[in-house]
Structure formats: C-alpha cells, structure tokens
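This is the structure I have questions about; it appears just below.
Labels A, B, C and D are assigned to the chains in the order they are written; within every chain, residues are numbered from 1.
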Amino acid sequence: MNEQPLQSLDALRARQPRFRGLESGHRACQGCGEALAARLATEAAGPDVVIANATGCLEVFTTPWPQSAWRLPWIHSVFGNVAAVAAGMEAALKQQGRATQVLAFAGDGGTFDIGFQALSGMMERGHNVLFICFDNEAYMNTGVQRSGSTPHAAMTTTSPPGAVRMGKRHMKKDILSIIAAHHIPYAATASVAYPSDLRNKVRRAMDTEGASFLQIHSPCPLGWGHDGSLTIEVARLAVQTGLFPIIEMERGELIGTLPIRDPKPVSEYLKLQNRFRHLFADAYRARKELEHLQAIANRNIERFELRGVGIEKYDTEGADTVHRGGDRWA
Amino acid sequence: MIEIPPGAYARPGTSLDFKTGTWRVERPVHDRQAAPCHAACPAGEDAQAYLAKVENGDLRGAWETIVAANPMPAITGRVCHHPCESACNRGHYDETITIHGVERFLGDEALREHWDYPVSPPGSNAPRMAVVGSGPAGLAAAYHLLREGCRVTLIEAMPVAGGTMRTAIPHYRLPTSILDQELERILALPGIDFRSATRLGRDVSLEELQSEHDGLFLGPGRRKGREWSADFAVPGDLHTGLQLLETWVAEGTIPQQPKSVAIVGGGNTAVDLARVLRRQGVEQVHLISHQRIPAPGVPADDAMRATYREVSQAIEEGVTIHEHRGVRRLILRGERVVGMELVHMKKLADADGRLHRVAFEGTEAVLHVEHVIPAIGQDVDALGFESLVERGQMRVEPWWGELRKHPGIFSGGDARGDHGTVSEAVGDGRRAALGMLRRLAGKVLEPGAPPEPIPYGKLNIHYFESAPAAHEPILPVAQRLGNEEIEGGLDGRAVRHEAHRCLSCGDCLACDNCWTLCPDQSVLKTHEVATDGSNYVFDYGYCKGCGICAHECPTGYIRMIPD
Amino acid sequence: MLEIRIHGRGGQGNVVAAYLLAAAAIDGGRYAQAFPAFGAERRGAPVAAFVRIDEQPIRRRCQVREPSFLIVQDPALMDVAGTLAGLRSHGTILVDGAETVIDDSGDNEIITMPATRLAMEHIGRPVPNTALLAAFITLTELMPLSALVDALAERFKGPVLEKNRKLVEAAAATIEAGRWREVAHGVGA
Amino acid sequence: MALALEGSQALARTIALCRPQVVAAYPITPQTHIVEGIAKLVADGALDCEMVSVESEHSAASVALGAAVAGSRAYTASASQGILLMAEVLFDIAGLRIPLVMTCANRALSGPLNIWNDQQDSMAVRDAGWIQLYCATNQEAIDTTVQAFRIAERCELPVMVCVDGFTLTHTLEPLDLPSAEQVDGFLPAYRFRHGLDPADPRSLGTLVAPEHFSEVRHAHHQALMRAQTEIEQADSDWAAVVGRHCGGLLEVRGDPQARLGILTLGSVLGTLEDAMDNDPSLPRARFIKLRSYRPFPARALREACAGLDTLIVLERALSPGAGGIVGPEVQTAVIGMEAPPRVHNFAAGLGGRDLSLDLYQRLVDAVLNEARPEGFAIIDADPSLLPEADR
C-alpha cells in the first residue's frame, strides 16, 4: 500500500513518460473498455491532433461541464455527423497548410448506424482523417439498446430474449467489409486486449495519407454484463475465439491478421457475459444459438485464415507478451 | 466562482477536479508475495529477486542478493538439490527456470571478479560469538553473525574448513578449487577468528567457549558411523559408506575392488558412493532403497533423500537402483558376503497417520553381490558436549535451531538429524545466527516458517511466452572417469535467457501492464516515488477500483482489498 | 417598362435567351430583369421565361402576365395553351419557322424567321435563341446589336463566339430593321 | 459599374470575395447555382478554398462547423429539406457559438413536394439561435452576405442570409459587386477565438447539466440581442464603403405618413411598392422591411410602427394550426406601444405562388375597413378548390 502525498502524485502525473490525451477524473464506469481504448488511441496519436467526437458514452463521461478529461482539442457536435465535422476540420487545416491531424471518434452506433452516411462520404472524398470506432456493440449511453454492431443472439434491452426470441435476431454488421469497399488506404480492427497492436495501428493509420478507419473492440462491463476487472480478459477471448478477428486492410485488400494460436471455444467468451446467459439454458434453441455463434467464429477463422501455425511472435498469445521494464509498450 | 464561457467549452484536463476515487469499494494494492523458488529454498535465497537483477543486467547486485542469505553460491550452485526448481511455477507452464545454473554462474562471477561481500568489520565492542564446525552450517552462522555486526570465533577440528563439503562431496560435483576459493573469501572476512585443528572437548571446553562468548552455535555434523546389521549378521570387512566416500574424496581411490557391490541406503552419500564405485571400476553397483527414485510428482516422504539430478546421473552411469526394497538378510559364506535377500517394502500410514514400513511377504528375491556397504547415516560425535546430544542428534526447535533443552545454544546442519544438505545447513546457520542475536537482545523466539509461496493460479500466464529452458552442458557418461566436473556452467547468455524466462512470481515485473491497461490513468509510473519496490503508484484519488490491474498483473503482485 | 415573354422547350436555351436579352439591355445602359417561369420540367417540355426592360430600376418580381412581345422558339408552341395569353393588343410575336414570313393579318403581328436553320448553318446546333434575339433586337432597335454580341461574349469565347457573331449578323439581315420600333418605344417609354 | 448577373452567380462571386477557406454544400434547388458558381471559381483557381461536396446537408453543416472550429472562415448554403436535414446541426452550431455564414435560398417544404419559393424553411429553424437576415433584392443579398461574415465573426454567432429562391436566385438583373479591396478592407482575416488548437486544447460541445443550462441559453439569447448593434453597425460601415445600405435591422419605406403599414420579409416588397406607386388611387402604405428576423428588433419595430393604425404582417410561411409565425411576434412587440396598431396577419406566395401586383389591393381591401384584425389567412388561397370540410 502506498499512500502518497497528493502533491507528489500530481507532480508524478505531470511527469509520466507518455503523452496523456485522456486525463483521470472522467466518469466512465469501472473497467470501461472504451475509456481505455480512447486513452490508448490518444496516447499514440497526440499531441498534434484535433478530435471530433460523436454523441455517446465517451462524449458524456469525458466532458461534463465545467470539466473535461481531454488534453487534446476536442469537439462534440451531434450524434451522426462526426465524420463530417472531422472532414471539415481536415479541409480547414489543409487549406491553412497545417500539419495537425484529425481524428474522429464514435461508438458503434455513430459508426455502423446513424453516423454511417457521413462516414461513407468522408471516406469517399478521401479526407485525411483517422476514424476510430469504439465498438462496444450496443447503444450503451442510452442504456444498452441493440445496434447494427450488436452480435447475433446478444441480449439488449431492445433485443431481449423471451419465449419466442433468443436475443438479437440479426447478425453483427460486417462494417469493415463495407469500409473496405470504399477502397481507403488503411482499415483495421484492434482490441483493448492487445494495446501494442492497437497503438501501432493508430500510428500506422496516422502515417497513412487519406482516410483510415480503426475499429476497436471495447468491452462494456455494464452492457455486456461482466465484472469490470474482466474487461481485458473478455476482449482477449473475443479475439482468441475468432468472434472478433484482428485484421488489417489496405485499399480493400486483406494485408494482415493477428493469427489465433489455439482457437478457444466461443463458450469461454460467452459464458463470462450476462448478455449471452440465455444461451446456456438447457434448451434446444439455446444450444442451437451457441453452435451458431461457434459457426460464425469458425467462419471468421476460415475466411480470414486466422489459424496460426505454431508459435509466432505476433499472434494471439505472443502479441502481448510482457517483459521486465515494459519494453513491449515502447 | 465559475464563469460559463460562450458555448460552455471546457479547459483541458479539468476532470482532475473530479475525484473518481470516491466511487471505489475495493482498492488495488501492491502485494509482494514470495515466489515458490524463494519459499522452497532451504538456504533462504530469493531466486526471483536475483533473477530480476540479472535480467536488469545487474550481476553484482544479483550476487549480493544471494549472499544476503547464502555466502557460498558457487558451492550451492553445484551441489544443491535445488528444490527451488521443483517449486518453480514455470514448471506448470513449460520448463522450470534453471535457477541453480544462474546461482552457480553468479557465484563463479564473484570469484572471478573478486566482488567483496557486502559486510562491514565489526566494532571492537561487538558481541563475540562462538561457532563450532566450519561446515556449511557453521560457516553460514559465522557469516550471518558477522553481517549482523558480531565478532565470531570459528573453531574447526580438521586442519581445513569445509566439513562434509570437503570430505564427502566428490570432486566431479564440487571441484576443490571452487570450494577453496569460496571458503577462503568467507574466512578472510574481518571479524572471523578461524581456529583450525581446534577440537571441542580436546583443545577447548564447552565451558571455556561459553564463558568467553555471548552465544554459541554448534555445527559438528555427523561423523560417527552407526552400527549396521542385517538380521544380526555383519560382514567381516564392513566399512560405512561415508568412510569409503571420504577415503575416495581424500585419496582418489578406495581399498576394495569387488566386481559387485550393494549399497544400502537412499541418501546422497549412498548415491555419491555408488557413482564413485563405478568410477573405481566396480561393474555392478546396486543401490537398495526403502524409497523411490526422486522425480517430479513423487511425494517427498516417499522419495530417496538424494538429489534427483544425482540419481539420474548415477543411473546413466550404470548404477542399478532397487526402489522400495529392504534387506531381509545377508547371504554369507563365512564372513564373506555372496548375496542378500531383498523384499519389497513401502511406508504406509496407519489410522493415526503415523508411517510404518511394511514388508510384503512373497516378494523376497536374492541379489548376488560380493560386497555390501551400509550408507544409512551417521550420528553426531558428541565428544566434549555429550550433555547436549540426544540419541546421536541435536534436538532443536526447527526454525531457529535453538536446542530444545538448552536455550541459548543453537545448532544446525547435519547434526540436527532432519537436515542433510548443504543448502539446508546454510539456512540453519543463517536462522540460528539471527536467533542468537534475538536471544542476546532478550527477545522471544517466535516460531518461524518459510513464506507462503504464490500459487501458479494467481499468475496471469497469458502474458508470458513459452520458451525452452537453458541447460548446462553435461559431460557424456563415457567421459565421467575421474574428478572432472560433470556439469558445466551456463554462459552469460544462457543465464540472461533464464532470467528473462522468470515469471517474477509475486513481484513487480515492471512490465507496465497496470500502467497501460488502467482506463482511469490511475496507475502512475515512477522510478523515484514508489517505496514498495515496484515501479508504479496507485493514485487513489481517481482509481475507481475496477480491478483490471490486479486481474491483468502477470505476476500476482497486485491484489484488490476492501476499501 | 417593356415586358417580354419567351417560350420554348426545355433544353432550347429559353432561360439563356431571356438572360441574354436582359444582359444586352443592361449592357446598353438600361435596367432589365430576366427570370424563368420556374418549373420542374425536363428537356422537351414547354417552358417560359420573362424579361423586363426599363429606364428605371425594376422593383416588381411578379411574372409577366401582359407582355408586349412574345418570342416563340418553336412554331408548334403557338398552339399550346397559354403561349399567347395576356399578349397586349399591339403586341407582336417573333417565332421560329422555315423561312421569313410576315403575317400582319391579325391584331398581333407575327413574324416567322428561320432561326433554327440559321443556327444549324452557323453553329451547327438546332438552337434558335440567338438568331431570334438578333432578329428581335433588329426589329425593335431597343439596343445596338453589338450589345447582344457583348452579352454573348460573356458566355462564349474564340471560334464559338465568332460563329455566334456571324449568326447574329445573318439573322439580323433576314429581317426589317426597326419594324417594331414604335411598339417597343411606345410601350417602353 | 452594374453587371448583368443572375442572383446566384452574384452571390457566388460575393462569397468568393469574402475569402471563405472552406465551403461545404450539397445540391438542392434553388441553392444549386450558388455552390456551382463557387465550385467553378475554385476549379478556375480564382478562389483558394477547400470546396467539400458532401453527401448530405447534415454533413454540409457539419463540415462547415468543423472547418470553423478548426480556424477557417466557413460557408455553406442550402434550402428547404436541406435546411431541415441540417436542423440539428444548425442548433448545435449556434449553441456552440460558432461563427459561420450560410445562404438559405428560401423554398417551400414537403409534403407534398414543392420546389418553389416561400420561407417555410428558414422559419422552421428560426429558434436555432442563428442570426437570420432576409434580403429584399439581389443587391441586398450581395451586401448582406459581406456583412454577414463580419457580424458572425464579431458576434461569434452563425448568420443565415435568407434569399428568396428563384425569385432572387434565378433572376438576372444589373448588380453592383464590391471590389476585392472593398471586401478585404471590411473583412479582415479571421480566426475563431474559441476554436480547436493543439496549443490551447479546449473541449467544445460539453455536457451541460440542468444547473448551468439556463445560463448557457441566457447567454446565447443575450448574444443575439446584442448582435442588433453589430447588424446595424455592419450595414452602416458597409454603406460607407459602397454607398448602399440594406436597412440595418429593418427599413421603413413607402409613405412615412401613412396610417397603414405593411411588414414584409424578403423579395415581395418591390412588387408591393410598384403596385402602390403605379396606382395613385390606392391607399398609401408605410412599408416595413424586416431585415433582421433574428435577433427580432422589437424596439426598432415599435419605432417604425409609430403612428400606424393598422399593420399588415405579410408572411411567406405559416404555423399550421396557429396561423402566422412573424405576426404573433410583431403583435407581441407592438403591445408595448402607447397606441399600437391593429395587426393583421396574412400568408401569401406559398410554394412559389406568383405574387402579382394586385396583391397590394387585396391586402388593403382585406383590412382597411375591418375594425377587428384579421386573425390569419392565406390571402391568395382559393378555398373553392377544396372539399367543403377543408375550406
């Protein structure tokens, strides 16, 4: 236990050997995956950036006036326009001849659903904007309603299981394929469970001229129904089971994946989350949906050729190996 | 007084005004726990701690960490049965760390580089302590007394120091040069008054020692052979195992050259002797043990009290081991042995949990041998301190080593009866030294125990990558003829590799996981402020107590406690 | 105030004709206004545009309901309801046709001229508006023909402008200069 | 020298003179010609500007917003459905107090579909918190656009310049364009004080809780009310440059002695003036050209109404189920007068219905002998075309 005098902590905070884009004191839930993802992304991106942020948890928990947790210039406008606001900022900075880069932040609602048109337009016009989707697979800000990103069979308040339903009836939208169809220079997925990979992708996207897109799987302890301490564990299992493939695309072509060393059964991922609890009932339809999700994971592994061959430095087991002194984060 | 600006924009980082720490119901704390290697080390070495220093490139610091517990790592790195490795959590994952190889490397480095022991000379008014016997227990006691600021009189009956390390460990396990160098360095420490060829009860009396000193440690070892017979029969030319081993170590040969020998006993002396006999040219060497060959998974109380590695090498070298066997009777022609009848036996617990040796009728078999050597242990030679010895042993309180019936007098090493290795003796000496000082200060000796090790399940093993262990080079069996050391040392690269493989159980790895994965930026990285040996400080002003840091800590160093 | 209504079909440059005429008038130092009858019509549908010319600034923005002149870019539109609506009693009509014909039999004189044919000859496209405007300006002498050429110069450059200039001259030559001068000045003043 | 220009073309060239750094637009009739004109100027290299042709009006407003907060002078234009699609962003721009300028080429709203001119679109967003300036002529549209940038930038509020679609945008007439020097002298280079800058990384668009939201709105309201001064100042300063003024907040025209007043917004005024002047037998009227609808110049309006017995408020929009939109506001404003005029409220010219010269007489006839004010009527509607129940 180390109770420190506050002043020295403040001084220490100011001397942290990394850029701080998102400061403490924000009001995210305990164990919030999105807060972590945003913290990691801004650390990799800052400080010469401006951020447009769609409506959502991230916006609400970071900026309850008069406070802001951001240390980067940041604007929230409305829910569906973040890509357009970012495009406007980019156009302005370009016209002014400034090198400052533009980030757009949105949840899955602001990406897959209400913000999609603006996102599509921004990508079609090729603005030099990195659009980051913090994918927590439902409308969490309003209390967990299903979105286009909610996985099949997941329980939300608008896709509740019941006598004739097993959670969400539809599939999770394959957003990355849609993004890829825009032929943008760089699009990728990442997970909070693999922070180095995440940050490398942010850097890579920012080094790419033109529109780029990063979808970060960000568990929501509240909406997914898992303990806040398990956020990383859950995110990791999503990757290790094949339900959330970690892939990279350039100009619509798959150019890289995070291979899965030994794919785990989806039940290991699902059983940690209350939103899938109904799949573990002793009933035919529960077993059927469980198998359905396993089949989806299998299909992902097959489609993106995710199965690793032996031990690799960059795979689901090797990518976040730790070392004394923290050199994996360098 | 706040003023609302146009459009209600906010200033950067002002969320620091909002202390989310009030949301917390649990808080993370750094909880340094003993690594299993540390808990298992009879000498009390913290291998995890020195492996960390090796990984950081601080070899001398690593050695100093060892000699804080054990002043003779070059020796123990060679002869220890390394229970640290049996306990190593990494064994659950892929292969245990080759800890003894690292220890030996550091010990040898210290010899080569002449690193000074971090010990200051005692003051002229310092307490004066007497230590009897310069085996590992006595040396360790003397060293730790010195470390604690005492002056030490160390008496040794033999002309040179070392005890069994010198007399009973074959050179192929412990080269004399290593032994000499390490012991010389210890004995040369200012504050140790080493008196060789000085025997208690002959050259100096117990009373004299006690009257001239503020404390007394006895590390006499066991040098008095026990009587042995099988069904009351004793062969005419009986020598004990230890006698023969000492002869071989001292002279390089032993008088007898039989074709076949049976050694009765399962300890290190028996194994060493068996190997010596093979080197001597004995074709058939049999080892008869009540217990099993030690191996991973074999319970300690059913395993031979010999080092697994030594047993393995003995088997490689052609020694035949008869597990779970007892000698029922000798088959003699006159006084000459021609064979023995063996029977299967095993230790079984009765209803009260007491262990009994049970021989199974109908399993008897005859083993033809020309010679039988009992290696069943020795007793303390109590000359000069007869009153302190009970049934050939020093009966001590197990942690501090204080004689049960003679408070203020401490003992350790082989003399205790329950300890029979160099490492155990070193640990005995260290704890006894600390106990003597406590006694001197008038303190009560609360019973102690090794630290509780952190179990494998408390680690987040996901963060480690599998990597094969580095092993030391082993002399091929065909070349193991004489005194040449069988095991080579690890090189620096292999040592760093092993240090890199260490899971750092229960200790901060400085891996940055907590710092990286905290959604609330409430783990601060530091090199200056942390007082607990870690590189991080929790900022409880903002920590919401989510527990990610604890769950994702690879080494189990972070624990959540109610707030 | 002189009010003119131009009828045509979508795609014939009806609005352009109105803009050209007003622009020529403005170039000539007058006030003028031109705007289309806004519709959702596509290519081929009957459309109309309005021009006002005055010596004073023009304030009203209502549609021209009682024009003094009609310019009709397609003879078939003469039979479409509304084309002739509101034409003043002495108003006149200039209409595209096969050849130059003056019909003064009725209340309103109708002059037909081969605007499309001339356009085909000079610029290779069946767009009668420029020829009709040249004829209209020649008939009314509201402004020198050069004002029309100047207005065309705002839209065309180089060889295209030159061809248009020749078209203007050719169209003017087919028609009697000043024939409608009185109508134009009488009402306009 | 006056140039023969279509209103849209003139506006495009005027906007270019204002040197916007980012223009974002989505095509919609009748705004299209304006942004086409700007696009051509950019394409020709005559205007150094990022022209962002977005995929919706929602994005057009958003791009403009983004550009403005990133420190650029930004402009957009729209109409009708486009204004409605922008609506949430328009509110946001104003609430965040972001200075930018847009043109609304006024047009009717669906449904049913109607692409022609009225002012229902800008009226629908009157509460967005923007300054709204209505233009009676294309010359005013030109001059107001230049002024709008200065007003926006000085007041840190967005300005919507409302120009009647087609009636102005598609009409060619002689227009005076200011010179580049005149505009540059009037509009210095600008950078939004509260924008986004990594050197001073503030957060815009925060979450404001109930304990502060009323104050935020109060401040916004006050900023708009204060803007009246800047609107008048900009007009008089610009008049000093070009010799023309647009009437400040509002302008009194026609017969200043008349006891009958007619208040209009936008381009209908000229037709009414012509109608009155053409026929001396008609009663005289004092015209009140309401230029600044937001902020609503209540004090100036009372002064303009002094001595009036009757005031007709003629609108190009309505609030179905209530009546007029501007009318009730005028009514509220004049209540404070010692002898307030009777206020009659009409809508006319909806969905592009031609406002002919006889409108003046119809208005006068409708009120002159009426002791009680007309509640509200669409004066040029023909109820006989409707089923009985709807008349």
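Some notes on this structure:
In this text, contacts are C-beta pairs under 8 Å (C-beta built on N, C-alpha and C of every residue); 3 or more make two chains touch, one makes a residue touch a chain.
All figures in this text were calculated on a predicted structure; none of them were measured in a lab.
Legend note: the chain whose CA centroid lies nearest the centroid of all displayed protein CA atoms is A. Counted by C-beta pairs in contact, the busier of A-B and B-D is A-B. With centres taken as mean Cα positions, subunit B sits 50 Å from subunit A.
Note: centroid distance subunit B to subunit C, computed from Cα atoms, is 113 Å.
Distance from the subunit B centre to the subunit D centre is 91 Å, each centre being the mean of its Cα atoms.
As a whole-number value, the distance joining the C-alpha centres of subunit A and subunit C reads 65 Å. Multi-chain contact residues of subunit B, defined as those touching 2 or more other chains: 4, 8, 10-12.
Touching of two or more other chains is recorded for residues 96, 201-206, 208, 212 of subunit D. In subunit A, 62-66, 68, 70-72 are the positions where the chain touches two or more neighbouring chains simultaneously.
Looking at which chains touch one another, you get A-B, A-D, B-D, C-D.
Across the complex, subunit D is touched by residues 47-50, 52-53, 59-60, 62-66, 68, 70-78, 80-81, 83-96, 100, 117-118, 120-122, 124-125 of subunit A. On the subunit D side of its complex with subunit A, the touching residues are 21-22, 24, 48-50, 52-56, 58-72, 74, 88-89, 92, 96, 195-198, 200-209, 212. Residues 4-12 of subunit B are the ones that touch subunit D when the two sit in their complex. Remark: subunit A residues 1-4, 6, 8-9, 12-13, 16-17, 20, 22-28, 30-33, 35-36, 39-40, 62-72, 192, 195, 221, 227-233, 236, 311, 317-318, 320-326, 328-329 touch subunit B in the complex.
Chain contact summary for the complex, subunit B toward subunit A: residues 2, 4, 8, 10-20, 23, 29-30, 52, 55-56, 462-466, 500, 504, 509-513, 515-522, 524-526, 529-532, 537-542, 544-548, 550-552, 554, 560.
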